[in-house]
Every structure is written in structure tokens, then in C-alpha cells.
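One structure coming up, written as C-alpha cells, with questions to follow.
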Amino acid sequence: MTEPAARPPVAEDPSWVDLIWVQFGKRKIARGALFGLLGLLLLAIYAPLLASNKPLLWRVADGPLSSPWLLSLFDRNFFENGVDLFFNALLVCVSLLGLPAAWAWRRAATLPRAARGARRARLLLGGIGALLLTLGLNAAAPQARPKEVYPALQAQLEAQGTPVLAVYPPLPHSFRDGVLDQARARPSAAHPLGTDAAGRDVLVRLIFGARISLTIGVFAVSLYISIGTVLGALAGYFGGRVDLVIQRLIEVVICVPSLFLILSVAAFIEDRSIFHIMVIIAAVAWTTPARLVRAEFLRHRNLDFVAAARAIGYPQHTIIFAEILPNTLGPVLVSATFGVASAILTESTMSFLGLGDITVPSWGQMLNAGRTTSEWTLILAPGFAIFVTVSLLNLVGDGFRDAIDPKLRR
Amino acid sequence: MPLLELIDLRTHFFTDAGVLRSVDGVSFSVEAGETVGVVGESGCGKSVTAMSILRLIPEPPGRIVGGEIRFLGQDLVRMPIAALRKVRGNSISMIFQEPMTSLNPVYTVGDQIIEAILLHQDVDEDRAREIALDMLRKVGIPAPEQRIDEYPHQLSGGMKQRVMIAMALSCQPKLLIADEPTTALDVTIQAQILELLKQLQAEQGMGIMLITHDLGVVAETTDKVVVLYGGQMAEVAPTSTLFSSASHPYTQGLLRSLPDRAPPGSRLPTIPGMVPSPLQFPTGCRFRTRCGQASPACAALPPRVERGPGHAVWCHHPQPPAGGAA
Amino acid sequence: MSAPDPLDPLDPSAPLLRVEGLVKHFPIFKGFFRRQVGSVRAVDGLSFDLARGQTVAMVGESGCGKTTAGRAILRLVEPDAGHVYFRGHDLPAAPPETLRALRRHMQIIFQDPFSSLNPRQTIAQIVGRPLQLHGLAATEAEAEAQVKTLMEKVGLQASYSTRYPHEFSGGQRQRIGIARAVALRPDFIVCDEAVSALDVSVQAQVLNLLLDLKEELGLSYLFITHDLGVVKHLADEVVVLYLGQLCERTTTKALFSAPRHPYTQALLSAVPHPEPGRARKRVILRGDVPSPIAPPSGCRFHTRCPLAHPRCAAEAPAEHTVAPGHVVRCHLYDGNSAPVDILAGAPNGGR
């Protein structure tokens, strides 16, 4: 055994976040699931690289070499959905900055705690800035190229005897436009999971569906976590009349069966987009984090460190949001992870019942479309995708829950 | 033959962070009718020692890795668990610090005492209720006929501790282990409870092992004191000897740092540093990193030095009694 | 409207703080409509002075209202009635802005070293942010430099300032709490059982630190504790509370040598002393402290008092001054200033 005095004074014990992270890492299944989710995210980001009917490289005869694929990423006629434009911007940023940023992030681990936090915060801000810049440029200079169907064009040119160089992504199909004469094709080399009633490749739509599902999950949950956290914090901190009003509001919302509420509200909206769907989900689901945060605030507001903050003279909003709130976020994070899974399921349910956004290739829409055909691939494929994603999220949520529980520390 | 004899008891905890040698060579004895105080600061191993006697330590990670616990000549460490259950709550009883959490909130006070009696004594339920009422009367609970059918939350902290004592003593144990029985109580209630224990001991002749950090309680209620530091023996002495002529530098430092003994407003003599974590105990004498008398010799385990009748100290450099303080 | 402050802040002999008739009742609500069905009378008319550079100890058993009194004085809970005069203001009537500015001059140290520090903040944030809030440090770097000085002052390594509270032991956390309290250079500090949760040897270290800081910074303490050993060691004056009301108020010396109130006498005799064989008689009080929701009529101590007589149940005693600066609230001292010993068993004559 060593002398206790021999301990170097610079050695830092892990912070709370580090502790949680180490605990999470010790749970192998949860860690695997997190890697799975990361893979799913990469799949969603790089979907156009896997599947697009725009050639990556294109040259007609001795003409100039071009990349219709690259230009299509910002083409408002091709990717008309905001979700896709967002993910395409993400694709560009991650491809250009991803590796250097990851390297800088890892290198920051050797810095002392305060400097490390600041460095990583700067990196994160820089990343968000780059993304916003890309999106802004895209909005400022919108591209709207004529709709050209390159495989058809290529066939036509080659029939005319013009030599064409064209390199396509592995799945040279559009997620949106079907080829009607290939409708309801059985799985084959060209269409690994077959095609649907409109002749669209099922695998391609499945890959692009990951974008929709992740967006709905993450955005709906961020929205309702923000609402719920603020309302819960106010109710828990102030108590009394504020609490009474917010509590009754929560009770009114949870009294109504949420699926019926969602479906009725959705039925009133014409031209439902997935943003409407996210808002509807958030409007119903905010009660869960609100109640969680309220309970945590009730527990914390009588602790001495809150009394100390008041004795120091901090303004009320500082006490609520800077002193107490960070202590309540552990359980909220766990519930958010489960919330993403449940939001994906809710969207699928809505789409399946025909109350979703029919313009996007969400997994629920695909299930709904599959229901009307008798092709088993059309039902099994999106069902399996939903199952895998929801399971991964639940496993990660379980891991986080165990990691923040000091009783289960290993 | 002493009622209870601990011989070189070692209880370690095997955790991911390393082996915690929480109790590492503790030896002392308790005679019938005697009150032995076990004192030390948090982390000195006094509660683990108590839990080890009835083998109540969580296993794993804890394990008694060495030593003997002789109770009336039988070694409790090697006793089969079925035989040990007959000892628990019957001839050895235990009371805990928190009267609030030691009673089950969904049963009445009577149910809990009667169940303990039925478990260990060959009596029917009516007789058990009589014994329970008798015990409640003995521990000074007013209107026991009414209190026996009340739930724990209807009683005050002092009353709950009285109920715990009634339950512990209902089987006429030969040894009572009291782990900080009055720490959660107010002084006037503490005085009541200590008085009660003294009086019950006189009636039933049991031995009491009193674990506490309060040297005032030790001085007023015990016959003999065991001082632990870092899971090891520091000093054992009759109570009056300990307070008048403590020999271990730790005991002396502890007594000097009491505000009761220093002139008002003066700086208190302190022991420098703090109790090391059980993962980082120094080798040899575990007090040497904070000890003013430490020398290179202290890197070896301290020897047991006899200082007088019943007074022994585990130290390489036992000190002469600190002058004048008591 | 705020009453004029009877204390002259420029007069060095005037008390730093004066508490007059402080009352705090916590309402108890029941049922769906949250009807008020009663109240916990935590503090019921408390008055005392805290002189500059002095330590006043407030003692009593659990439920006597000492913690609530400490917090009501600082307006961490809103008092229902009474005055607290401090630096030219009556605190219960002070507007929020004034109060926030005054907070700099009055601080608090808590009992529980584990719940009193925000687990998500580093020591630099816990101790440094208040400095910036009150304009004692203009920049973060300036605050950090001051934090390091403060940490050394309370006996902690300055390099630990980037650590989180969970990395420290109980005694070290208590030092951090003390650093936070003295950082704003206050005039007085409420120490709410500040050493009760600590081990004996650590308690001695922290008491020494508090004494040193008092000397160095000219602090006054309101020391809330149940440990009479600590009171005897560092208090100049003592206020004894029972069920939210004052029993006795006097100098520490007078209290320990000649306690007057029967409750004070019983309390002192109940404390175990670390001196074996000391011959003394002990009064063991009957029963428990009654509930502060329904305190006994008349003198609140009469249900446990060995010297109670019919008048005690009927009529609340007034404050009687038995010697200069020695106030007792007991019928035994109505027109009598000679000590009455409860060990003697009977009140002396003259009444």
C-alpha cells in the first residue's frame, strides 16, 4: 500500500458526467445499442450516398465531368422535404468536419477539466455554426434543377450510340419516384426487398424512412421535454397556486386517452406535414417530463444548497434554472430516450391509420401501404425497422437509467 | 469465561475499487453484566464489528476473513447459519441508531414484538402479548395497553427507541449490542434511554456492547472502553483509567479535542489531517500519518503493550498520561 | 410600512442585529380544498440582540424552532410577525432589491455538508459566483483568484477549486461551506448546527477555523446548536428555546454556573460529560416534547416541569429580568430573582 500523502495533487477525480459515462460503458448491451443507434444515424445521414438515382459521376461523350448527385443534395425539386434538406446539410458538414472535430474532441480529454469543458463547448458551438451556415447558404441560394431521370436519360443516350460514363450509388433508385412497370416486384438483385405498389424500391424507402423516424423522435421529444421541464420546474419550485394550476392542466391532458386525442386533432388538420405530427405528439406527451421535473424540484427545493443560494441573493430564475435544474436532468434524460422510441411508435401508428404525412417515406406510411397489398416484404420490412430502432432506444434508455442509479454502480 | 470474546476479528469488503480492510484485528471481551463502550470516528470499523458478531454484514462484498467470535464458548464465525438464527434476537439482541426506520411501518408495535417473542420462545399468542405488554411497561411507555395496538408512525422518536429496546429485551438476551442508540435523540430523551438501559441491565444482568462516538455517553454509562482507529485496536481500558491516563496518541488527541475540556474561547488542540479512506490505510500503525510521535518503527504493526490492570495499548510509543486534563 | 430602525449603525456599541417578537407559523392544510386546519407554531415571539463581534448561541431540542428562527431572521422563510433590525433596515419589511443587497452582509453555514453544496457545480463556481453577483469581483479570473485565497484561508488546497463536492470528505465540505459564507465578507453568519454532523477530531478543526475567522474578519455568529459543550466553548451569550418560545437568555458563564429556568437546569443536567465518576444529580424529565401544533397552554414547559403549579397551566409567563442581561421566562421568577433549583424539588418561599 502506498502513502496517502504520495497522491499527486493534480489528479482529478471524475466529474458526475464522467462517472455516468463510465458506468454506462460498463453495461455492454446498452453500449452496443448505442453503437447501433449511431450506425442508424450515420445511415440516415448518408442515405443519398447509398441510394439515389442521380449518378455520382456523369459524363456524356467528351463533355465535362459533373456530379448531378452532389448538386441534387440541395435541389429543391428533388429533395423537397425540410427533413431531407437538413440531413443533407448534416451530410456535408459531417463529411468535411467530422473527422477533424472527432480528433479535437478526443485530444481535449487530456486537458484539465475546466479547459476541457470550454474546448468541447467551443467545438460543439462550431459544429452547430457550420450546420446553420450550410442551411443558410442553401436557403439563400435555392437550387431548383429540372427533373431529370438519369437512368432513363442514360438508356436513351446509349440507344443513340453516345458513350456515357455514369457511376451510381449502390442502389440506383429514387426514394420518391417509382417506376410503374416495376410495381410489386419480388425481391431481386436490383431490388433486394422488392418494390411497392407504386414501383418504388422498398429498401431505399426504408433507408430514407430512418431520417423521418429519427427526426420525429428527436424533435418531438426535444419540444415536449422543453415545455415539460419549464412547467414542471415552475410547479415544483413555486408550489401553491402555480403548482395547483399546472397540476390540474396535467391531469386534464392525461385524463384523455392520448391516442384518441392525437388522432382527433390530426383529423382536423388538412395537409398534415410531419411538423404538425411532431407538435401534436409533443402537446400530449409533455406531461411525463413535467411530472418528473416537478417531483425532482420538490425534492431539491428544500435542500440546503438552495437555501444557500437564496441566502447569497441569487435571483429566482438563476436558482431555478442554474442551481436546481441541472440536478434534475438525469431522470429526464432517461425518460427522453424512452420518449424517442415512443414518439416513433406513435408516428407509425398515426401513419398506419392514415393520419400521417403521406408525402414522406415514414415507416408507418410504408406499413400502411403494405397493408393494402398482400406482399409480405412490404409489411415485414418497415415493421422490422421499427422494432429494431425502438428496441435499441429502449436498451440505451435502460443503460442510462442504471448508470445514473448510484445503487447499481459497478 | 467471558460472555463474548472477539479474537483478532478481520472483516474485509471486496469491491471493484479494492479490498476495504474495515475491521482488521479487533480483540476484546464483554462480561455478563458489564457495559463495554466501543468508540471511534466514522470509518473506524465500530459498526462493522457489531454487524460481524451476528454475521449481518452484506455478503458479498463483505466477508469475515479471520479471527474468532466466541459467545459463551461457541465460535459464531464457524457456526452453521441455522444455529446462528437461534442466537440472533434470542441470546444476542441488537438495537440501531435510527428508530424511525428500524420498525416496520405496516405492522402495529405489538405485532412486531409478539412475533419476535413467538419466534424464540415456546409460548402461545396470549402469553406472548402479556410478555410484550410487560416489556412495554418496563421500558416506560405510558398506557401500554393502548400503545401496543398503535403503528410506529404514531409514536415519537424516543418512544420508538423504547419499543426497539422492548423488542430487543423481550427474549431476555444475554448480550445487547446497541449501535448509537441515542444519537438521533434529544439530550433529555437520551438521558431517559440511557437511564432505562442501565436499570434494565441491573434487572436482567445482560452484557451491553455500546457503540457510540459520544465520549460523554461513554464516560457516564460504560465500565470499559475499546478505542478503534482505522479498523484496528488503539486502546482498551477501564473507563475511568481511559479518561485519566490514556496512553495512545490517538486517544489522547481525541480527548484533548473535546470542547468540554478546553478553556472557553481557546483554540482546541486537534489531530492534524483526516481519517484516511479504507482504501488507503497506511501500513503498520494506521494512525502514524497523523501522529505526532510517529517514527520509522511505526511502519510495522504496533505491539500490544500492557499499561495496567485491564489497560492495554497498541502502539510503538505509548505516551505517559496527559497531565491535568481530567 | 417599515418601522424606524432603533439601532444606530454608526454607534459601535449598538447591537449589530436586534430581533423583536419574531413569529413564524407554518400553516397545515388538509382536504381537497386545502382548508387550513391548524399551524405549526415554530417560533412564537422571540427577541434578542446580537452584539458586534459576539457569538450568540441558540440552543434547544428538536422542534424548539431554533432552525426556523435562524432562517426567519435571514428571511429564508418569511416571518409572520416581528422585526429584525440590521444595518438600518427592518428585514421582514425590506423590499426585495434592498434585501438582495443586504444578503451580502449576512450569511449562513448549514449542518449537512452533503446537501448544502450543489453537486453539479465546482468549488470555483460555488464560492466564486456569489462574488461576481455582488460585484466583489469584476471578472471570472478575479473571482477565481479570490476563491483560491479563500480556499487556503479555510485550509484547503487552492488547486482543488476545479473539483466537485462529491470528491471531498464531510469535514472538507464543511470548510467549503464556510468559504462560501465568508467570501462575501459578511457582518454576521448564522451557523445552523455547523459542526454537529462531524467527527470529534474534525469538529475541533472546524471550530478552530470558525474562531480564527471571527478574529480575523471581525464576524459575529448566531450559533444554532444542540451541543452544549460547543456552546460553552465559543458562545458569549445563550438563548434557550423550548417549543418556539424563549426560556432563558443570558451570558454563557451565568447560564452554566447558575441556570434559572427549570428547563435549562434539566437540559444542562441531561448532558453527559466526558468525565467518568463525576458526582452529580441528574433530573430526568418525564415524557416527550409536546407537538408544536398544539402546544400546552400557559407555560409550554409545564407538562414536563417538576416544579409546575396551577398557575403555569393557566397563564403564560412574562419575561423576568433576574440580573442585568439575564432574562427568564418563568413564573418562579415573578418578583423573585434568587435561583430556584429543580433538584431541591420544591420552589423556595416568597411566592
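In order of appearance the chains are A, B and C, and numbering begins at 1 in each one.
Rule of thumb we're sticking to: a residue touches a chain if its C-beta (ideal position, glycine included) is under 8 Å from a C-beta of that chain, and two chains touch if they have at least 3 such contacts.
Given the structure is predicted, the values throughout are model-derived calculations rather than measurements.
Chain nearest the geometric middle of the protein is C, using mean C-alpha positions.
Note: the chain lying farthest from chain A is B, by mean C-alpha position. Between the chain pairs B-C and A-C, more C-beta pairs are in contact across B-C. Averaging Cα coordinates per chain places chain A and chain B 57 Å apart.
Look at where the CA atoms of chain B average out and do the same for chain C: the two points lie 32 Å apart.
The mean-CA centres of chain A and chain C are about 54 angstrom from one another, to the nearest whole unit.
Chain A meets chain C in the complex at residues 9-10, 12-13, 15-16, 112-114, 303-305, 307-315, 323, 326-327. Residues of chain B that touch chain C in their complex: 41-42, 142, 156, 158-159, 186-192, 194-195, 213-221, 239-240, 243, 253-255, 257-262, 264-265, 267-271, 274-275, 326.
Touching chain A in their complex are the following residues of chain C: 71, 74, 76, 99-101, 103-104, 106-108, 110-112, 115-120, 122, 124, 130, 133-134, 157, 159-160, 162-164, 166-167, 177, 180, 184.
Residues of chain C that touch chain B in their complex: 61-62, 169-172, 199-205, 207-208, 211-212, 226, 228-230, 232-234, 252, 266-267, 269-278, 282, 284-285, 287-289.
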